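The first chain written gets the first letter, and so on, giving A, B, C and D; residue counts start at 1 in each chain.
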């Protein structure tokens, strides 16, 4: 199977269905905002959303009712404060309650790596002396080293139905290049049944040095060319993170009505990501 | 601590002592022949030699009596046939018997990864239905997934006292760049208590793109500039693998006297790697 | 020169970092402290951010843990899982910085919830890298402003078994007692009284027999720190506008 | 055109590879077969070599599993552990090729020792990637020349639980019986007799009710394969001489 080039709307409609476990990865960098917005426009419901750092994109998806659950390790607005929609869902079940599967960064990294490696679980030295195992007994257990007798922490593999990434480039064959901070993107992609990617541009030849992080085209189900697809996150070599947007989001998300009005105006009220970028003034 | 730049003789003398567990890694590419030869010149004894593919360098070290044991997964002369010195040691205890700790490539990769991660063991789906666990019961065991009940294979971490690599470049700060096929070099380096590197050249600025494989200088104990240090293996961008040498080795190594004569003439009888290269006609 | 409590905390944290140490850095005050140390007494400090950037030397402070500046000035950028396995868990980190919403007298930390876990009054961001930074870094430094709301008798949730080497507050420095490991006031900033420190602590704070005073920021420290913050503010002031080929 | 048994084996193996399949390739005949398929009926074949090169399209055959040619023509070069975890163990490989010193009637393989493990008569190279290729690849193809020394009643050591889809020999093709999984002669090359195949097998070989004959190499197959071998021989003929800046 090789990658299909599809408009984002079609890629999301074809590959993401209600009730799926979906990981939109990218660590601060290369967060697939365009894809998340398209899932909101298509009113996906009952998703289990997996991300190390939910960030604004999951705040928006949770607030718009897309999520049945969240699997994560740090749920704040980086450098700013709370994710108010995530908080409102957990504290007040608004718009509805969501299931919480909470780990540390190390635990999430190991869970993705186990999924990527076809193993049912992974091992770390972690969580000892904390309340996390008691709070989350279904996905934190122990295992004993058969050689040393040491007790270690075991966490189950994450295997998303779909992992969605944003990347700088794809070539015509569907090979995808990610440059810069990649977070757990590689592991999230290799753990998934299906990989869908948005890219800044489709090029004749990837700008990839030897040993670059390239996902082979036959590993990718669909690719959509979406310039600015990570905004207000960033794409190294293309545009910077819009820190002002992250700051401004705090006031928008704090209030349910302000949040809904903003989402209606800029996301559900826009046809696609290009229209979104125009509507928030992010394009010249 | 940051990397010291030392002549190879001093780097080996300072960091490798009799009885240590030593990994000279590099998969076909970037095999640290110069370092191995220097250990032979210094008459190191009782080493436990770790490599996925022992290759000619361990054939030579074993034949010269450096090894007390070997940990490996494929011990042939690639594309040619047997490693006759390895065979002679196992089949006829010549020059003396060696302990064998034998795994598959997958098992070795997991063992290095566990060592690199500070874990006592690693997990794989492997060895089932084979005679390997019975032949090697001390380093092959089972572990049960606490979530699914599935039984998996457990293998103990490898933590070399010293890992020795050959790389293309180091900068003045001691940061080391490896390009091309890297095998398990990263994991072997991160698993080691001490890392020693030979490089083709020391440069002002590494020729390293974003996301290249660079070992930070503070992870490296010593660096020796040894042009041609991987010969007859190769260094991508510098010189090719000398396949003719690998073919010729078969006849040399097959006979104990021919082997000793060759080693005396070209290795113990030469002062350093530059002299070795001249003696085998590998430099113009 | 006059200075703020934030500046004093940053300087006090920076001074604890030894030349050549490998630091696992978080955003905010720890990032400022590490870079201040790097720009003053410890030019060889190795900074690791959990985003995968190893050996970064940013000219301005990052606003997020994954800013492009960190990647551009790094010695190497690795996948995030390697940071937590090959670097942190394998014991390659000398100093880890932590903060939290709550701390108790043993230095354990809560950054998960206020109230019960299953029905929280306030849902906090959660653990991030903290539990494993606390476990694997050779020394843990905690940086938190003191108040009876944050320095509490009893944590609502133990996110992290903190085992700090020191807790640097806006009033002074607490260190664990050699025997009991209970946090003990060891040093205060100039002009701070023991009563003020005790009043801002939710448990009966132990005080060391010999209390020292921490010297105020030097002119150099303040100048370098303020220049760093100025450069940072300038670099981040502009709104991002995307331009695409037509 | 006349052809050698090696050429016939290579062609027979190449024909089994479907367009777009992901192949885990070993050095020697499997490498020739995969590249022949790629240069003829299956241009989209994805070749993975265990050295970490994914999606390679070498113009000449590699002599070692880690030749520079494989890296230079790869879509991506990854650390070796990823090949065995993210690609092979995770189930991303369609076809894996294996060979060995010994095979038994169930398709299990020995590449470890002749004689007892602890006191071997012949120490063979060992398992390499074979045990996990056999376990995780969707289909396993074994390529081995037949003789009573290699097709044995009883393995000296079970390195690999082979579970082959087919064993391609220099005489024909064996496939497991649908019920018993015992290897059964299904097809022969032109001019080969059942007696000859049985004589070169160390156990009483089962023969299928309906035996087919495998068509000899086509002119195109032979020309492409020979051109590939010619290019390879030329590329590898020169002695390597290092030149250093003075």
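Methods note: a residue touches a chain if its C-beta (ideal position, glycine included) is under 8 Å from a C-beta of that chain, and two chains touch if they have at least 3 such contacts.
Bear in mind the structure is a predicted one, so any value in this text is a computation, not a measurement.
Asker: Relative to chain C, which chain has the most distant C-alpha mean position?
Answerer: That would be chain D.
Asker: Return the distance between the CA-based centres of chain A and chain D, expressed in whole Å.
Answerer: Those two chain centres are 41 Å apart.
Asker: Roughly how far is chain C from chain D, going centre to centre by Cα mean, in whole Å?
Answerer: The mean C-alpha positions of chain C and chain D differ by 56 Å.
Asker: How many angstrom lie between the centres of chain B and chain D, each centre taken as the mean Cα position?
Answerer: 27
Asker: Give the residues of chain B touching no fewer than two other chains, as numbers and ranges.
Answerer: 118-119, 124-125, 180, 182, 186, 210-213, 236, in rising order.
Asker: Pull out every residue in chain C that's touching 2 or more other chains.
Answerer: Expected reply: 71, 77, 85, 89, 136.
Asker: Based on which chains are in contact, what kind of graph results: line, ring, star, complete or other?
Answerer: other
Asker: According to the definition of touch, which chains form touching pairs?
Answerer: A-B, A-C, A-D, B-C, B-D
Asker: Can you tell me which positions in chain B touch chain A when the two form their complex?
Answerer: 118-125, 139, 141-148, 150, 152, 154, 156, 179-180, 182, 209-213, 236
Asker: In the complex of these two chains, what residues of chain A are touching chain C?
Answerer: Those in contact with chain C are residues 27-29, 52-53, 72-76, 78-79, 82-83, 86-87, 90-91, 102-106, 109-110, 112-113, 124-132, 135, 180-187, 213, 227-228, 231-232, 234, 236, 238-246, 277, 281-284.
Asker: Once bound in the complex, which stretches of chain D touch chain B?
Answerer: Per the touch definition, chain D meets chain B at residues 27-28, 50-53, 63-68, 70-71, 77, 79-81, 84-85, 88-89, 108, 112, 117, 120-132, 135-136, 157-161, 236, 239-244.
Asker: For chain C, which residues count as touching chain B in their complex?
Answerer: Against chain B, chain C makes touches at 20, 22, 44, 46, 54-55, 71, 75-77, 85-86, 89-92, 136.
Asker: Which positions of chain B touch chain C when the two form their complex?
Answerer: Those in contact with chain C are residues 1-2, 116-119, 173, 175, 186, 190, 210-219.
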